[in-house]
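The chains carry the letters A, B, C, D and E, assigned in the order they are written, with residues numbered from 1 in each.
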Amino acid sequence: AEKLRLLTWADYVPKDVMEQFTKETGIEVEVTLSNNEEMISKLRATQGAGFDLVQPSQDRIAGPQTEFGIYKPLDLSKIKSDQFIASMLEATKKNTTVDGKVYGVPHIWGTDGLIVNTKTAAKVADYNDLCDPAIAGKASFRAKRPALIAFAFANGMDPFASYNDPKAYTAMMEKVGTKLAECKKNVKFFWDGKDQLLNAIRSGEVVAAMAWDTGGWKLNSESADIKFVAPKSGALGWVDTFAIPAKGRNDDAAYKWINFNMKPEIAAKVAATAGNFTASNGADKLMQGKLKDQFAESFPKAAIDNIKWYPAVPAGIEEIEGKILDRLKAGS
Amino acid sequence: MNRPSLAWKLYIAAFYVFLFAPLLIVAIFAFNASPFPSPPWRGFTLEWFTGSGAAFGKPGVLTDPVWLSSIGNSFKVAIPVALLAVLVGTVNAWVLERAEFRGKTFLAMMMLWPLVIPGVVLGISILAFFSRLANGLEDWLQTDLDFLRPGLSLVILGQLSFILTISTLIIAARLRKFDRSLEEAAFDLGASRTRVLRTVTLPFLRPSLIGAGLVALLMSFENFNTTLMLVGSDAPLPITMYGQMREGATPAINAVSLLLMLGVGGIASVFALTAKAER
Amino acid sequence: MMQKPAQRLTLFLLLAPAILWLGLLIVLPHVEILVLSFSERVAPRVYAFGFRNYLEFFTEPLYWRTFARTAFMSILVTALTLVLAFPIALYIARVAQGRVKAMLLLLCLLPFWVSELVRTLGWMMLLRETGVVSYILRAVGAADQPVELLYNDGAVILGLVYGGLLFMIVPLANALESLEPAVVEAGFDLGGSRWTVLRRIVIPHAMPGIVAGCIIVFMLTVGNFATPVLLGGKNGLWFTEQIYAQFITRFNWPQGAAFGMLLLLLSSAIVWLGLRLTGQSLGTTLKQA
Amino acid sequence: MAPSTDLDIVRVTKRFGAHAAVDDVSFSVAPGEFFSILGPSGCGKTTLMRMIAGFEHPTSGDIRIRGQSMIGVPANRRPVNMVFQSLALFPMMSVGENVAYGLTCRGVSRAEAEERAGRMLERVGLKGFGERRVTALSGGQRQRVAIARCLVLEPTLVLLDEPLGALDLKLREHMKIELKQLQGTFNTTFAYITHDQSEALVMSDRIAVMNQGRFEQVGSPRELYHNPATPFVASFVGETNRLQGEASASNGAIAVRLPSGAVVQGQGRAGQAALAFVRPEAVALAQDPSLLGSLPNRFEGRVSAVLFDGAASSLLIDTAGFAEPVRAVLPQAGPLAGIQVGAPVHVGWTADAMKVFAA
Amino acid sequence: MAPSTDLDIVRVTKRFGAHAAVDDVSFSVAPGEFFSILGPSGCGKTTLMRMIAGFEHPTSGDIRIRGQSMIGVPANRRPVNMVFQSLALFPMMSVGENVAYGLTCRGVSRAEAEERAGRMLERVGLKGFGERRVTALSGGQRQRVAIARCLVLEPTLVLLDEPLGALDLKLREHMKIELKQLQGTFNTTFAYITHDQSEALVMSDRIAVMNQGRFEQVGSPRELYHNPATPFVASFVGETNRLQGEASASNGAIAVRLPSGAVVQGQGRAGQAALAFVRPEAVALAQDPSLLGSLPNRFEGRVSAVLFDGAASSLLIDTAGFAEPVRAVLPQAGPLAGIQVGAPVHVGWTADAMKVFAA
């Protein structure tokens, strides 16, 4: 049978959606779970072979494409653009354009913020509060670039403004690095996988963490004490996309999958399992009430306006960040 | 010296407790009716083996396609690795023990070398070399050469790169013990060269062939470092386990581990039996 | 004389698998990363020859500190493993008899054929804050708070020592086994105390086994990845993680290749040093194992 | 007062499980004596020696050295040293270090130990070999190092467990004589075990013949050879012809009727079933039976094999009434020197030469 | 016409590099003969035998079996079979399979091969052992299997490379006789190599004494023993006393002046430097010198050691004018039978008994 090899995030492909797709098109979907870095590194190792469709975040397309040429330009005529929230589609297209060609369209979006156990760490309201001695040894964040960006904002800097000035950016990151290093003693571990963090919060090993909104809401439904909080200095907004690898072998199936997924009823289902929001136009009307309430609680109007959306990452920026992160992990 | 002191005996006992404690814990908590592999004990369940996911939200090993396919992938790697290790190992052992040519000591040293290369380095070097090779061949032949890209085929090659050393050593050790006069005697009694090989040499080597095959099988199943650098979309068991452990595991991983222990125990007993037959 | 070409052909055919194996899977890949490690990125998709990747290593304290830390901890782990394993190997080789001996050895082997990840999982379950040890400590009243034993260097060393034990015990036991009982008895008979016999007869005899075990354990430790990553805490980085990071999360292959070469150099240098100091040769040493 | 014996074994028994490897053995060794224990493989020789050295503990009985009980004294505190069958030289040490080892264990300073080791090596004829590796020595040289390593400690007693077993034939012949001479010059007490009767006979002052954990006879080589006390000793020590039959006393001597009906005359004591032994060199040969006229045992036979072996040549003679051929020494001179297979011959021996035992 | 020899070696030389392991050797073996090659370790015996079997190729010379040249014939096509020193029984096969192996290689059917193997086992006294594993046999039994495995193929010639080397003393004595008898009953030609002179003397019809790749002498055991052709043969075959000195002819015999000035009389030929040999059993002993009056060689000495070994006992006698003690046979009877160390004694021997060679 025809096959679609999909490289994506956990929870983005509910079983029934996959089955429905196979039923409708006769195409089987083979799912490999991953994260941004691994997606890129896998494609980099194969020069863009091995998968037919991938889902990196929108900011991680232009840089790697310039450097390694691992994606194929999208044939926008094959995509039903009316299924997308127009503003989001435009923003994503803009961010994923290299040499005038578009490489990505949006799928799921969400934010990074704080998951707080309000009973034991009520005071945590911004990223810097993770470093509060009161919760020493019980905080956590990922030792990845979102942490750098977040702490930069929390400490009054604007990293996105310096994206194209490596020198300034390096200086800024050094500062952030120092700040994080100080904070490190507060950290139980740098979390890697979502479930790892959620388990630790459930068991009380961790009481406050920088994490994705979806995890926070999931925990909130289990225990009302745990809340997802939009930090004072602003949640970080991300958009996961659809992109086609340079040596994808089944572009037709890929486009079919994109269009299928962006149908409002399908998108709603996916959003429900992922616990996030979808770029599908009209799906929000089909969403369950609970998530909407949780979103409303976490994001008052001001907080929504304060969301910092990632612009495309220019090539070279990640090297600067990488070193800071390595230092953070290695230093004591 | 022959009469061990009490302290020594206690140390031995403590050592074996130390040795098996982690494994026992893993095995016991495979049956814990809890979504997390940690105490307290919440009652006995087989859910993590056969459960459909209804009870704890995550399915048991034997119904979870993720685990099943990674077990399948491990076999897809381990069986060719074991077969090739025995085949090539036998030829190599022959070269080491029987052939005479210039540069033999150098070759023997080279064969040992993979043992002192860290697995991660082996992995990245093979990854880098084969991706260059694939790029070159692709430009030249204008086709995709998938098997040179990260994936099971590359994992097989990567694991072979050092497992071959082990299998060669095992078979060569046996071949070295072989009394050449047995072959001469057979030849003297009128056997042809192929008949000597078939009736005398290979039967003598058989325990080591089986042993090398089993060791290769186990090492392949167990290997993580080299495999990690070379996997594509199909993850063998250790890679899946690693992913799950970083994710924060459910007791399903304990169940997989227990199955693995049982499998290894089985193979080890076969191994012990052939080793006994060897004597 | 007639047979010469035929013999050549046979020899060539016999050599072919070894040459393919060593050439394609060992030598050329290493040449590749050597070449790769000397290429620097000048612009997207443009690379040039240069030493920047190595310079980077020496100028960035982070990298060489991790490197030094890895080397130091590996040596420590090797030494600890040797000390812990010696009495066991001695017992297996010289005290235990027959069935018991075979059993003890087999029991040693079993945990090591099960995946490293299973073993590490076991340690994680034992040591973590919500784990078994912490639970037991609280249950017996030795601690009133959950104790975190995971995510520190101690846990990493424990895991690595555990993982290295077998590879120390087997060569040691092999070496000790080959010591003729009469030689030990002669040592006592001529008036030697236990300590004298151990120091002047048993240990010198076991030297090839000690060196072999140390080399293998050191290699496995320095090249380990999963154990330090999973058991190690926020403070510890293993050098293999740096290589992994350069390849997988930084997509910076040249830098990763340089690190790989450095790790290879480190391990070769320490192995060579070990052999030199003890006057052993690699071939005989590895055959011991 | 100095004790008159160096070693006393008093009713020593050693059991492994139900099996008694050494069974109620007693003997004494005088100072300066060369004492051998001779017996077949597995009879318990090594076990006995290991108890003296202190590597095994007797199940019952006492072991005394110079009158002092050794029970509970560990091997490294006993004034005895052992030369092992495998020699057990320390391969990780040089020849000199091997010899000096025992001295340094006693706390003798390095320099002095080396010097004394050097002198000892000189005395055993290995001057200047101190720096060699033990693996670079010939069999006989290694032998001498093993002995030097013991003698340098001036032990009361040296135990030797088949030390010549690993040597080849010619060298063994040579070392037999050398060992005996060494013992003479050092005047040390030697307890020597072997399963080779020729070694025991040539070297020893006294020999104990051991069988299945027990001593069958203790005596000088000549006593054992000429007056064996048991059938086991008669057949184990020296080449012999062995006959089985039924005994009946007759004038002064004892008569043994073989199954074929033939009767031989001998000396000894037996009930019904009897074993009779006669040595090949005691068998007289003649072509003319009248030359054997005075002998009580006379039989007719035919040469079935000539085993020419120089001075040790012998004949096998198929003799009427005997189940096995009779073995006799081939005469070196005289009319029978050139006898061929198939030639008829008469054999005979005195009643004194034939020892009879109860079977 | 049947050839009158089974094996002809014609000027065979084998070089390993510059070293000639076998150097221009020629000999023939007659059908049914037991032919031994005797020589010290490393003299080239095995190399010679491996050339006959076909495992090595002569550098020059020809090897003929029943008149047919074997040059270029591979080992598996030659009508010779070899019994290896290690025996080389196939451990993965049963006793019966071992014996049947050669037959099945020839294409004999399984059933028939088994039957013939069974019969052969019966003939070597191993009836009913067919199903046993070879590891479950005693040394002597394995020996017989190795020989049966060759004999079942009815080869023209059986080669035996020190087949008794691995056995212990008593068993070796026994197998010597058995092997000789087996050869007799099968009437097969045996070529046997050994470094043990006693084995060669006892079993062989003819012996070639080999030294450093060359044959020193070929002859019957008695010829070699009594009339050695070279000093090497004289000292290698049998026990002997060896004297070195300067020769000068004298009435009919040859006189050798020892360094001490003493002179001995002997038979033989020598230039200036001479070696003289006399066997211990040819040395006559007397307490009263007048009893030795007729002997041309008479000396006075003192017993330095009595090597009592039953029938093989000997004396070492420190003799004035001799560098080494003279070895003589200890008389079994007469006044000297009980002689002690230190006793004065006179020794003497005939000129015929003393062989003299150029050194």
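Quick note on the criterion: contacts are C-beta pairs under 8 Å (C-beta built on N, C-alpha and C of every residue); 3 or more make two chains touch, one makes a residue touch a chain.
No experiment lies behind these values; they were computed from the predicted model shown.
Asker: Going by the contact rule set out at the top, which chains touch both chain D and chain E?
Answerer: Shared contacts of chain D and chain E: no chain.
Asker: In terms of touching chains, how many steps apart are chain A and chain C, taking the shortest path?
Answerer: When the steps are counted carefully, the minimum from chain A to chain C is 1.
Asker: Please work out the Cα centroid separation of chain C and chain D, and write it as a whole number of Å.
Answerer: 55
Asker: With centres defined as the mean C-alpha position, give me the chain A-chain D separation in Å.
Answerer: Each chain reduced to its C-alpha mean, chain A and chain D end up 92 Å apart.
Asker: Residues of chain C that contact two or more other chains, please.
Answerer: 130, 188, 247, 253
Asker: Going by the contact rule already set, what residues in chain D reach two or more other chains?
Answerer: Not one residue in chain D touches at least two other chains.
Asker: When you check chain A against every other chain, which residues touch at least two of them?
Answerer: Counting only residues that touch two or more other chains, chain A contributes 203.
Asker: Identify every two-chain combination in which the chains touch.
Answerer: A-B, A-C, B-C, B-E, C-D, D-E
Asker: Quick check on the complex: what are the chain A residues that touch chain C?
Answerer: Answer in residue numbers: 37-38, 40-41, 44, 64, 66-69, 137, 143, 184, 187-190, 203, 205, 315, 318-319, 322-323, 326-327, 329-332.
Asker: Please name which positions on chain D make contact with chain E in the complex.
Answerer: Residues 169, 177, 180-181, 196-198, 201-202, 221-222, 225, 237-239, 279-281, 305, 307-312, 316, 329, 332.
Asker: For the complex, which residues does chain A have touching chain B?
Answerer: 5, 7, 30, 32-33, 42, 45-47, 49-51, 192-200, 203, 247, 249
Asker: Which of the residues in chain B come into contact with chain A in the complex?
Answerer: Against chain A, the touching part of chain B is residues 36, 38, 127, 131, 134-135, 144, 146, 149-151, 232-233, 243, 246-249.
Asker: Which positions of chain C touch chain B when the two form their complex?
Answerer: 11, 14-15, 17-18, 21-22, 24-33, 36, 84, 87-88, 91, 94-95, 102, 104, 106-111, 113-126, 128, 130-132, 135, 162, 165, 184, 188, 194, 197, 215-216, 219, 222-226, 230, 240, 243-244, 247, 253, 256-257, 260, 263-264, 267-268, 271, 282-283, 286-287
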